[in-house]
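Next up: the structures, one after another.
Here subunit A shows up in two complexes: once beside subunit B, once beside subunit C.
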Partner chain A sequence: MRLLQFVIWVIISYLFFKLPGILMGKPIPSSLILMYMFFAVVMILLVMTSTEKSTRELLAPIKSMLEDPSKKLIRNVVFVIVPIVAGVITYEQIKPTYEAPVELRSTHPAPPSTIKIYGKTYDLLALENPYRKYEKEDPEKFKELVREGGEVYFKHCFYCHGDKLDGKGHYGQGFNPLPLPFQGKDTIAQLQESYVFWRIATGGPGLPKESTPWLSAMPIWEDFITEEEIWKVILFIYDYTGNVPRSWE
Partner chain B sequence: MQPILRSKRALLLLALTGLVVLFMLMVPAGDGYVLHRTDGLVYAGGGGGGGSEAVSSEGAEAGKVEYPPAPKLKESDYPTISGINSRVFVWLVAQLHLWFAAFVLAVPIFVFIIEAIGMATKDERYDKMAYEFIKVSITAYSITAIFGGLLAISLMVFYPDFMKYLTLIFGDSFIWYALIFFAESACLYIYYYGWNAMKHGFRKWMHLTIGFLLNGVGTTLMLFANAWVTFMMSPEGVDASGVFGGNMWEAIHNHLWNPINLHRFIANVAYGGSVVGAYAAYKFLSATTEEEKAHYDWMGYTANFIAIAALLPLPFAGYWLTAEIYAYSQQMGITLMGGVFAWLFIVQAVLIGALFLSANYYLWCGMERSEGAYRYTPYIKYIGFVIVVCFLVWFTPHTMILTPSELKALGGQYHPILGPLGIMPAKNTAVNIMIIFTFLSFLLYRRANKIPTVSWASFGNGVQIGIFTAAMVNIMILGVYYGYFTNTVYKVASSVPQVVATLMVIVAGVVIDVFMYRGAKEVGPLKWGKMPERSQYALFLLAVSFTWLMGLMGFIRSAIRQHWHVYTVMRDNSVDAFTPTIGYAAKVVSVGTIIFMAIVIFIFWLSHLSGKKQTEYQR
Partner chain C sequence: MMGRIISIVVVALVPIVFAGSPLHAAKGDPEKGREIYMKRCWWCHGEEGAADGPAAEFMLPPPRDFTEGVYKFKSTPFDELIPSDEDFFNMIKGGLMKEHVAGWNGMNNTSMPGWEDMLKDDEIWHLVAYIKSIVEYEQPEQGPISVGNKVASSEDSIEKGRKIFREMCAECHGEEGRGDGTKMLKDDWGYRTWPRNLTKPWTFRMTDTVEDIYTRITVGIPGTQMPSFADPESKKRLNDEERWHVANYVVSIAAPYKKPDENTVIKALRIEEEVPDNPSSPVWEKAEYTSFWLVPQMIAKERHFKPSLDSVSVKVVYNDKEIAFLLEWDDRTKSVPGDAKAEEIAAGEVFRDGVAIQLPVVVPEGSEKPYFAMGDKAKPVSVWFWQSETTTEPQRLKLLEGKGFDKIEERDPSAIGLTARGVYDHGTWRVVMKRPLFTKEKDKDIQFVEGKFIPVAFAAWDGSNGEKGSKHELTTWYWLLLKPPVGASIYIVPIAVAVVVLVGELLLLRRFRKD
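For the complex of A and B:
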């Protein structure tokens, strides 16, 4: 009975982790399911062996199968099935496929402390958006700056980052890695504006040496738009997505 | 009183006074403590490797000391020894030194507390256990010193110019460090060898005082070493080119010094508890009599209690340290948790989760000691469920490892549902709830064998349930609303009331329980020794997980400097000035863990050997 309960709980856990893939077409990656399942099974086992009584109940059928002379047939069947299952799983894991190998890509590069662009050196630790202050001081002017930032965005950025700023622009699907979505609370909401300024101005080639190859298709926007335009487009992407840049005070 | 006894007491008092004076001399005296070089030398910067040669003060302004910038090294400035990878060698030796140092600094802390409890309660068992704890650490002490010496030598051999630069700034503190080390050795040996000679009456007070001094000098040693490593991460007291301003206190009291001090202090106690817990498990499993089993079961329980008590506040100290790293340098902060080391943090989360699982499992198994525990065993599955859910959230990564087909299906590196679980508000919420439920396991264990006799027991239970519920609702609201629907200032700030809520649950829970169970009826005698053997492996897992965790996190702490010996001030230009891959780093740390555990098993065996006597028959 306990052993059956254990099997049922393991199956329920597995199905639960598969749900997002089945219902929404957004699967939890297999690498993560493996980790989730490992610890789910461990916890089920820990709970079931936390008392002597339940441990005995859990192990009794296994013990009986291994030791009871009358269960010779079941024992032999199990001893054949277990290595076969293990073999199949191993084969499935290591068989050659045409799919490219899994990638561990760092999508959050660490910025340098200073950058040299537009002929000047910027200290990224102290750098602030010169227009941010107007949000409080002069809301009308701020609104106008955001509108100008929107123009910059739709002239240059939306082809890849999308008209909804969700990273699904016309050309975006052709790239790997895909363009970053600005929607949601887990991308630009986590960043200081100085960081976003660095990413826009120096693009893919400006990414640090660590975690290469980045393969980012982001252009070096320093070569195409002005410093002021970068700050304005930053105002726009935060404003449009309802995010607030990271700050320390 | 016999004259000879009087003279012995006088000698001991004299020795004690000497130690106190020595200790007082060595402790830095706050912000005003300034150490200047007054030797009148001028240090001139040279090119290449020899950046800090001392020259005569001729021509220098009288009394003013000038220092050279940090040397700019070339690859050829780093000595090599054929067949030895200098970085891996120093890495392993430093790590082994740190593991043993953490252990030998921690054990006297709780030995002192246990001895004091034994003295206050007049219960001999505490004294016996404290003595056994310190016995384990005494062999480890000499191994710590051996690795410390080896580390100093290997640094001087492989990184001479870097050491020369550090000596320029911290040279005085190196001398203090050596002197304090002597003081620590003296305290430790008197404390250990004098245990039985100072067992009763006034002498016991003296013994406790020596234990206090031992902890004082031990902690001071750690503060010095912390100053050197944190200076390498967040240098202060030097200008951008590394020119030392002459005030060593500034260099010591750098941005990350205090966060590391606190984090290491708490972590050391948790680590020490886990290692002596493993010792108790080893002795439990090899015990031949019921009496021995009962003793080592109790010892294992106490060690586990110490480890968990320190483990619970540890994530908060870690969070403060990380926040300060971010505040000091966005680059280091992002490298640490968002960039190249992000996945090592996932490994860290997994190991911390394993610590929580082991600790809870040990408590659940411990309920078997009491007949009254059966009332509470049905709750274990719910506690287990909450802990595992929190654990899964705790280690869910933000950036996923994806196959190309998964990448296509998700449309990016972030998962639409799991993505928000990959950032700090979710982690903070999960870890706080995980801590609260671990505390609940402890509370249930604590009351398993007792039935309250106070008239307000139901009311007390109601208040406790109310506090638990209110705290969890508070933590959830803070985590979800402030974490995701306000700006980052509130997001980061909300972690503080989350911690306060958790600590409040722990403090209020203990206070109410203590009063509620005062004069409580015991269900039956606690059956010490009646623990399943599998529970002892949880104690082993605790020690191994801690060791591996410390190794990995130690690597990350050091590696976020990337290609700098001293961050942004002195560049590392050796052939090893690159960040190793995660797999490579994990292998080095794993090898270190195996070496450490092998030595620890040797120490356990030695302590076992010391209790054996050769019989006439064996002769």
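For the complex of A and C:
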């Protein structure tokens, strides 16, 4: 019975590692699971063999299988299955998979302290959205500015970042990395407006190396739209998603 | 008490019982609908619904003009202008296609998204009420058509459907259903419409179920030249059974291999025979296609917003001397500059069709690659650029070295043994490009080495869609792997492990026996 317990514990721990990944659609890589399982099995064995008695109980079925002549048939079956399973597992491990190399990139790298665009030098540490103040001072004017920002967005950004600002534009699926969503709390909600300004003005090629600038399809918007338009589109992407820019702490 | 419970139950049941019935739309409030519309929809559909929002000019098909009251994807009969409320609801909600392409949860392959993840059902009903109020639509007089007499798909039905298709549909959808018709089609609003490529069901606006296809054939797609085949006045009338046969046939011609999936690696196959230099060689049958999305070039000037090509499928084979790429993509038009027929169905001046393979000049050792669109100063790319023939000149091949969008140099392809040949057949181009694995100038041309992951990207041009120069479709970086033949060791090692385990078992057994 002890052996059965052991098997059940192993299965439970396997499901524990495997299931959440499957349910959330982000499976843990099998190599990692293999490693976790190794430790799990060792732990379970340690616990179950902590006393002489429990060890004996655990091994009793195995022992009896090997010694008891009446269990010859089971023994022979087990003796055939175990090597086959070992062979198959080994094959699964070493067979070539041709999986693409993993390309790690940092989504939100540290920004430079100054940038040179539109023929000027901007100090990103001191840079603020010149229109933000109207949110309190003149709400009517602010609304108008947001709308103008929306027009910029729906001329230049929606086909990648999505009609719903969810990163799923008509052509989004053709890029790698995917266009980032502005909905949710992981992207612009974490950023200061000056950072977003830098990202929009300099695009993919403006990124530092750790963010794979050679892969990003984000255009260099300095070439297409004005500084004012960038500030307005920033107002819009925060307003539409209900996100608030991070402020200086 | 009992009375209250009953009334709660009744109230709770109402929406279920009356789903899709007039009561439902009455529930929607046009005023509230207008508010949501002015936050979410006007950007494309326009402030007053006239399809003149700021985004409208950057897409094809264009957003629907709600002031006309013509709707494409409805289930009411062809002679009933007004869609059912359920139709309206589905147009907006989206999410009908179960295995849709990531991101396409509304009208597939258009800019119209599905709103199910952002708007609640009652908000969608408000929108329905508002949109209907623009043209003062009441309820349709006729309800949805019936899909009850479905004819089960069978070889016989598909064969009958094929015959009907050749006769009734091929002039627009092409002999093989790839949308390579022979006519220039425009919708009621004067925009170019491309008949659907029926081999790519994931691009269908509604779903790819046989019921939906039958519905389109029966109702037509109002506002476009896709006619109703149930109209008794029309020369193109089909009876109910015939419409099911042809729907079954349409389902049967899907070509799933053209649909790009998660796979980002082209596995080049090592072959013993000669590397083929033409698309019809039987050698290609051994290799498998890997398909990638083509997206319009919207990154550098001049940008392109209305592409007509959406995916490319690739096979690669090599032997100890040479490597060949087979590029296959569906293009509705064979663009032959100077040809009167090609000019007739083109959207303006006709340029050559084309396709290109982009490779790094030097295979990167680390993760750092050249910029994915035409490379950069530090890391140049090689581009093999094939173009189709004109009435006076043959097909041509260029070898380009790219160090950025505007820093492109031309070299002589024959100097490195690069050749190309393309064949157009019923809406599909197949182009083979071939080169020796190695060249003399190792710092100028890529050297193809087995077992290395080589970045590769593609681009394509449809010359009948005004595509030329920077106006084209492209892919991001993917991978090419010359798959070395697997040695016997991957079988020997597992067998050895099994033997070791068996021996271990026997030793164990012996010990126990002795005890």
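Things worth noting here:
By definition in this document, the second predicted complex is superposed on the first by the 147 of 249 C-alpha atoms of A that agree within 3 Å, B and C clash if a C-alpha of one lies under 4 Å from a C-alpha of the other, contacts with A are read in each partner's own complex, and residues count from 1 in each chain.
Heads up, the rule we're going with is that a contact is a pair of C-beta atoms (placed from the backbone, for glycine too) under 8 Å apart; a residue touches a chain by one contact, two chains touch by 3 or more.
Not measured: the values here are computed from a predicted model.
Once the two complexes are overlaid on the shared chain, A:155 sits against subunit C while remaining clear of subunit B. When the two complexes are overlaid on their common chain A, residue A:74 makes contact with neither subunit B nor subunit C.
With both structures placed on the common chain, the touch criterion links A:22 to neither subunit B nor subunit C.
In the superposed pair of complexes, A:60 makes contact with neither subunit B nor subunit C. When the two structures are aligned on the shared chain, A:12 is found in touch with neither subunit B nor subunit C.
Using the contact criterion defined above for the overlaid structures, shared-chain residue A:181 touches subunit B, although it does not reach subunit C.
Once the two complexes are overlaid on the shared chain, A:100 sits against subunit B and subunit C alike. Of the two partner chains, neither subunit B nor subunit C is touched by A:34. Of the two partner chains placed by superposition, only subunit C is touched by A:223; subunit B is not. 99-100, 103-104, 168, 176 are the residues of subunit A that lie in the contact sets of both subunit B and subunit C, per the superposition on chain A. Those residues of subunit B that touch subunit A in the complex are listed here as 327, 329-335, 338-340, 342-343, 350, 353, 357, 360-361, 364-365, 367-368, 377, 380-381, 384-385, 387-388, 391-392, 395-407, 409-420, 422-423, 484-489, 532, 534, 562, 568, 579. The part of subunit C that touches subunit A in the complex is made up of residues 39-40, 43-44, 53-55, 58-59, 101-105, 109-113, 115, 117-118, 260, 264-265, 267, 292-296, 298-301, 305, 367-373, 376, 379, 453, 475-477, 479, 481, 483, 486, 490-491, 493-495, 497-499, 501-502, 505-506, 508-509, 512-513, 515.
Residue ranges of subunit A in contact with subunit B, taken from their complex: 20-21, 24-32, 35-36, 39-40, 42-43, 46-47, 49-52, 55, 99-100, 102-113, 124-125, 167-168, 176-178, 180-181, 184-187, 189-190, 192, 194-195, 210-211, 244-249. Residues 63, 66-67, 75, 79, 82-84, 86-88, 90-91, 94-96, 98-101, 103-104, 150-151, 153-155, 158-160, 162-164, 166, 168-176, 205, 209, 212-215, 217, 219, 223-224, 240 of subunit A are the ones touching subunit C in the complex.
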